[in-house]
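By written order: A, B, C, D and E. Residues from 1 in each chain.
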Amino acid sequence: MLNEKGTESLYAKHKRPADAVLKGLINAAAVITVVIVVGIIAYILVKGIPHISWQFLTTDYSTLDQNRQGILPMILNTLYIVIITLLISVPVGICSAIYLTQYARKGRLVRAIDFTTEILAGIPSIIFGLFGYTVFCVMFRLQTSILAGSLTMVICILPTIIRTTEEALISVPSNYKEGAMALGAGKLRVIMGIVLPCAMPGVLTGVILAVGRIVGESAALLFTSGLGFNMPGKGASGAMDHIMESGRTLTLHLYTTAMDSTGPNTLNVAFATAAVLLILVFVLNRLASLASKALRKG
Amino acid sequence: MKQETTALETAQKSETPVKTSYGNISGSEDIKVSIKDLNLYYKDFHALKGLNMEIPANRVTAFIGPSGCGKSTCLKTLNRMNDLVEGCRITGKITIDGEDIYDPRTDVTLLRKRAGMVFQKPNPFPMSIYDNITYGPKVHGIKSKTELDKIVETSLKAAALWDEVKDRLKQSALGMSGGQQQRLCIARALAVQPDVLLMDEPTSALDPISTLKIEDLMGDLREKYTVIIVTHNMQQAARIADNTAFFLLGQLVEYTNTTDMFNNPADERTERYITGRFG
Amino acid sequence: MKQETTALETAQKSETPVKTSYGNISGSEDIKVSIKDLNLYYKDFHALKGLNMEIPANRVTAFIGPSGCGKSTCLKTLNRMNDLVEGCRITGKITIDGEDIYDPRTDVTLLRKRAGMVFQKPNPFPMSIYDNITYGPKVHGIKSKTELDKIVETSLKAAALWDEVKDRLKQSALGMSGGQQQRLCIARALAVQPDVLLMDEPTSALDPISTLKIEDLMGDLREKYTVIIVTHNMQQAARIADNTAFFLLGQLVEYTNTTDMFNNPADERTERYITGRFG
Amino acid sequence: MENRLTDAQRDRRKAQKTRIVRILAIVLGVVSAASFFFPYITFVFKKQVYSVSALQLLTVRGMRVAGPKLTGIVSIPVLTRIAVLAGVVLALAGVVLMLLKKAAPAGACYILSALTPLIVLISTSDIQSAVTQLNVTQMSVRYLAPFLLVLLLGVVCAVLALWTMGPERLAQSVFLVCACVSIGSVVIITIYVIVSGAPAIAEIGLGNFLFGETWAAGSNQFGILPMILSSIAATAGAILLGVPVGILTAVFLSETARPAVTKIVHPAVELLAGIPSVIYGFFGMLVIVPFIKQCGEFFHWNTQGDSLLAAILILAVMVLPTIVNVSETALRAVPVSYREASMALGATPVMTIFKVTIPAARSGVLSGVILGVGRAIGETMAVIMVAGNVANMPKLLGSVRFLTTGIALELSYSSGLHRQALFAIGLVLFVFIMLVDVLFTYISRKGVQMDAE
Amino acid sequence: GCGGSQVLDASSTKAASSSEASAAGSSDASAAASTEISGNLTLNGSTSMAEVCQALGEAFMKKYPNVKVDKSGNGSGDAPKAVEAGTALIGDLSRKLKDEEKPDDFDVKTIAIDGIAIAVNKDNKVKNLTTDQITKIFTGAVKNWKEVGGDDAAINVIGRESASGTRDGFESIFKCKEKCKYASELTSTGAVKTKVSSDKAAVGYISLGNVDNTVTAVKVDGVDATEDNINNGTYKAHRPFIEICKKGSEDDLINAWFTFVYSEEGKKIIQDCKLIATDEKGNGISAGSASSKA
């Protein structure tokens, strides 16, 4: 179709079938992804939530009594490991990130360190499990204990924390730093008073991601924190002594109950534990995205 | 006469012979900042070549020149912000009130207190307006609440911002408009009571109306401070500056009072730049 | 006479009465693009207010005005790049060669083929020079190797780039200098054989020498294309444009041939802008 | 003139403050050194209490312990003695160095001195095994105030010592120490993997180990070829399934979806990334494995569900979020100007995506794929639950064992060469991950180069 | 050198003196009342014994409130090491000690016997197998159920992971060590049971205690898999659960533990865990020792 000036008219429509096909593929991929997510989550929740009760969450677990199948000890063990791990890894990780981004010369050394943290981040957790077992459990004679598990997790998540913190620190606009410097503030003061607070949401995102990783970890903990399910502070010992005892986390409880479904009830316990874990992960996820939203705003 | 000699000396010393035209400097009886044989290198790159300048007190001095000619670099040497750049090397001497600011004993904190700086992009800290202003005084050891309150009020008034923000001092500074933010940055610089105010293209990111406000402000600031401003906008230099320095390729080509510079440039390159034939 | 009437109509229709001065348009006997009562909104923001313009063929038309006045916005309406902006609404009518480009039947692909665009920052694709040029023709269905080769040669020649790159057509376009990249972008636009060439500050990111080359190029392009260029640099407009339009706050203040615009502006605001009293 | 840039009086005031801090560092250093001479640790055997000062740990031969049948002297481990000696010497060295105004080395000495109690803590537990030789089974160790003082004071002194050089230097040192800890852990873990894996390989022979086809711990046959091939096959399969879906989902999210839809799909993908691997395994075990088995019955395949295929399906789901997230970031990072340029030439949005946006983001997309490979190779718990775990050569519908699961299954029971062989598998796995990582770095660096050109 | 000149001695008040004083013997310890026994009773080793140990521990802690029982470990292999190093008082093994584990260093006590049932699907027609048939099935010599009197279906052989105590017990009894050809190796009794209950053609071995109505335990050489038959020696497939401690040690805590394990209360718990309890002398099990029937 030509227009009055003799060129091809703008109103001449072209058909483009390839476009439609490709667009269809894109949409199909998105649908597949969503179906997978919804499928897995729905399956676990539908099968698990009916077995979650207040009692399930607040009583301990017994091999003697089929009516005492609560997961409070596992929840507490998970909490112990999360707290101890964070207590060590967060300060060390943040300080390392500050050193690497604000002090270290951008030379070969820093690049080497970046490379190694990257590698550490990619190491499969079973290798951390091996390492933690021989070094902490055997060499340091901690046995399979919550402390050994926590120390292993420290090494596991340090790279995550260092890298997210580094990224958050780097993304703080340099003109904040310049502005503070131009007012005569020293380097430490600028870092602590301006750079770090600005990076806080990013750091927080990293920490929450790390918590998610600890909660979801199983391979590294199987050999290091073990499978005990004593309530903390039971018997003669205090709540602090619990860190020297073996304790299974929620994931390990799910693993053992799922794999060794001997009692009539154990599969239900597994489902309920899986549902609790999913809900926990979901909450952590929401927190992380809230934090990163705060980062984008700030 | 003095300037003539200096220019001559420079031409002999620096690697590339420089021909600088010094004209009549307005206010030249009271010199605040003096730059002697300043050379600056970024690693191997020779960014400033044998600069010599004397900047009078209580005047607005504008640095103009095409992009990359070294205006910002020169400005930053005056409060040693270049210390932060890795591989930056300086020779020569800069004095403020007769004190050598590159002397090893110099307290950089005090220097930066004395020579405040305002940047091209408004960069208020992501905290409240109040905290922005008090950050500097706190760094320099002022703790009393009443004193800080007073500083906030005076500096905001000096930056012609008090009336607009006095009811929202506790709100985040990031919620302000660009022009307000830039005036906040000026107020923040004033809060540490500087003698010299260095401004690097303070209006280039702003709309015309905000620009106008800041230009007006600069006229007032001149009474108490020595103002040095880098600008891309020749009209702006013409409007606000008492003296103007024209830089080209790291060299100071011409330095004289603004009227002469724009009406009667001594150097041919200056003239070609001003009439828009390059840059 | 016609323009006068249009301006009158606009003033009556649009929310804010507009006073537009239309002068003598060079080449007004052969109108390529015509804009009638154009209003554009970004969500609630009224970015273009009742524009009326007729742009002649085979001339260079420059849009000038202070930052944020709507020059780029107006340019983008001409090849409907504004479609990509969410919340952008348009009323009024724009025709190219008499065809309404906002007609529902319009094939945007063909429109963009007819009205090529060059952006402020050179944006060659991260592929070889050859692939950059042939991208457009391939999109429009040309597959033959010999034909493509010919197109590459003609467009590069038309963009005055052929001699510089003919030996490295297979190398990445990102390895070129800024000025070369911008000419490559022009060549890429020419490769789809447009009638109209829209350029949004095509030299503002370039050094003076590259700028000069592209300005020279524009003089040649005028012979075959209708060129519309947005520029910040008034000297540039004065050097290269046949007609100039001055925008202010979303309105077209004055539109006339360049000589009149710079020597004899009809509107007081134009005069103040041109003499550098604001902006 | 208060405002002078160089002010002698100000310097004097500063020097005074420094002197006070230095004196504090010296005094506390002396206290810390002295703590070694007070009751340091208490051992309790069977209600018998031994309170021992560090000096005694250093000088006495041992403790006389009476067991039910045997009585003997339990000697103090050498490591304990070395640690105590080092602790005292370092604390005193710190004091001397402070007196000589050498703050930096003094700080280092103090910090090292503070570490010695940790070594004592580890090594004293060796006493426990010595004690079991005498059949006194239980011993408990209590650490007393001086012990903790050494730990604490060392740190405090180090901080004070460094403080004399100004808060900036102090902070920098703290940051540096932390960085060293992090880097140290990488170095240690690398060394550990190599050191613990190498002996078995040396004993078995590299060829036999890598290319042996049978793994039978009982008869000392340690060939891991089936595991290597299974790991590779599972990873390849997962990537083959996961990559197209992942990349297209990323395209959907970054290019075509309306913001409202993105707001739903994006968190869904993030959630997928956060689900613990055990849950994937659980799901696979209860849904995918029975499904494959039923298909097998229906089509008369020889399978019982636990299979390479099940592992591939699970892994494909697990690598999906990695690929989607990294690719999406890469796609979003493609400058708008490329898209604009393409559209301005008349290309449709879909054409723009496939011809400009994805090619421009290819190095990022490739990084995502490689990260996915890393995750698939390293996954343990999810696949242990679905793969059947027999060390067969890989068959799509047969039971297989991977490098990771090989370790996890047998670590708890193994001893001797068997255990060393498991560490050697760890080394092989580590090498695989290193290769993947080097590839990743190479590609992302090349991508940067390409963009910089 | 320094000879015995300086040796530390116990003293609750002040640091070492050079005089030699031997610690009081522990002979009167056994008389201590339940509240006087205190401390950490650490168990380390087999995971399949975790359930019974946890159960015994729970009851033990109820009886001795000042004691804390902590069961850890990742498998039988950990047990001798932990006891040797003194990090655990007691080691658990679901198999006998191997020679390289220096059995002479330890006191070995069998606390229970775990029968091993050969489990097939409930729908499987085969209800009886001979020892020889079982060996052939597990070594792959017999591949189809019809060869042993069942339907025409390929046999799916399910086993445990290579180091499992159950597998060790099974393979040594049926003489097919390292020769078994498994279709899957699962990591727990429960998993094997679930698998067998859902797969018509599967066969596997599981703890006798875990047999329930979801699977069939076949007769071996015509003998039913029951506790009685194990005790009277006719059913051969079983293995011991043993606990070890340092040879010759006379720790109050350990004594109290074993006293409790062999008490009526302990036996009841062991039986609740679907195991066969043993008597105090149960070093290995002689099938005839009758006293284990409680």
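Basically, contacts are C-beta pairs under 8 Å (C-beta built on N, C-alpha and C of every residue); 3 or more make two chains touch, one makes a residue touch a chain.
Every value quoted in this text rests on a predicted model; they were computed, and no experiment measured them.
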item: Where chain A and chain B overlap in contact partners, by chain label; value: C, D
item: Set of chains whose contacts include both chain E and chain B; value: A, D
item: Superposition of chain B upon chain C: rotation angle, C-alpha, nearest 5 degrees; value: 175
item: Centrality ranking, top chain (CA atoms only); value: A
item: Inter-centroid spacing, chain D versus chain A (mean Cα positions, whole Å); value: 14
item: Centroid spacing, where centroids are CA-atom means, of chain A and chain C in whole angstrom; value: 51
item: Chain A-chain E separation of Cα centroids, rounded to whole Å; value: 37
item: Chain B residues counted as touching two or more neighbouring chains; value: 110-111
item: Where chain D touches two or more other chains, by residue; value: 125, 348, 351, 411-412
item: Residues within chain E bordering two or more other chains; value: 39-40, 47, 73-74, 85, 87, 186-187
item: Touching pairs - complete list by chain label; value: A-B, A-C, A-D, A-E, B-C, B-D, C-D, D-E
item: Footprint of chain C on chain A - complex, ascending; value: 3-5, 7-14
item: In the complex, chain D residues that touch chain B; value: 3-7, 10
item: Interface residues, chain D side, partner chain C - complex; value: 335, 337-338, 340-348, 351, 355-356, 359-360, 450-453
item: Residue numbers on chain E that touch chain A, as the complex places them; value: 38-40, 42, 44, 47, 50-52, 54-55, 58-59, 61, 65-74, 82, 85, 87-88, 186-191, 193-194, 210, 269, 272-273
item: Chain A-facing residues of chain B, complex; value: 79, 81, 84, 86, 108-113, 116-117, 119, 121, 123-126, 135-136, 139-140, 185, 188-189, 192
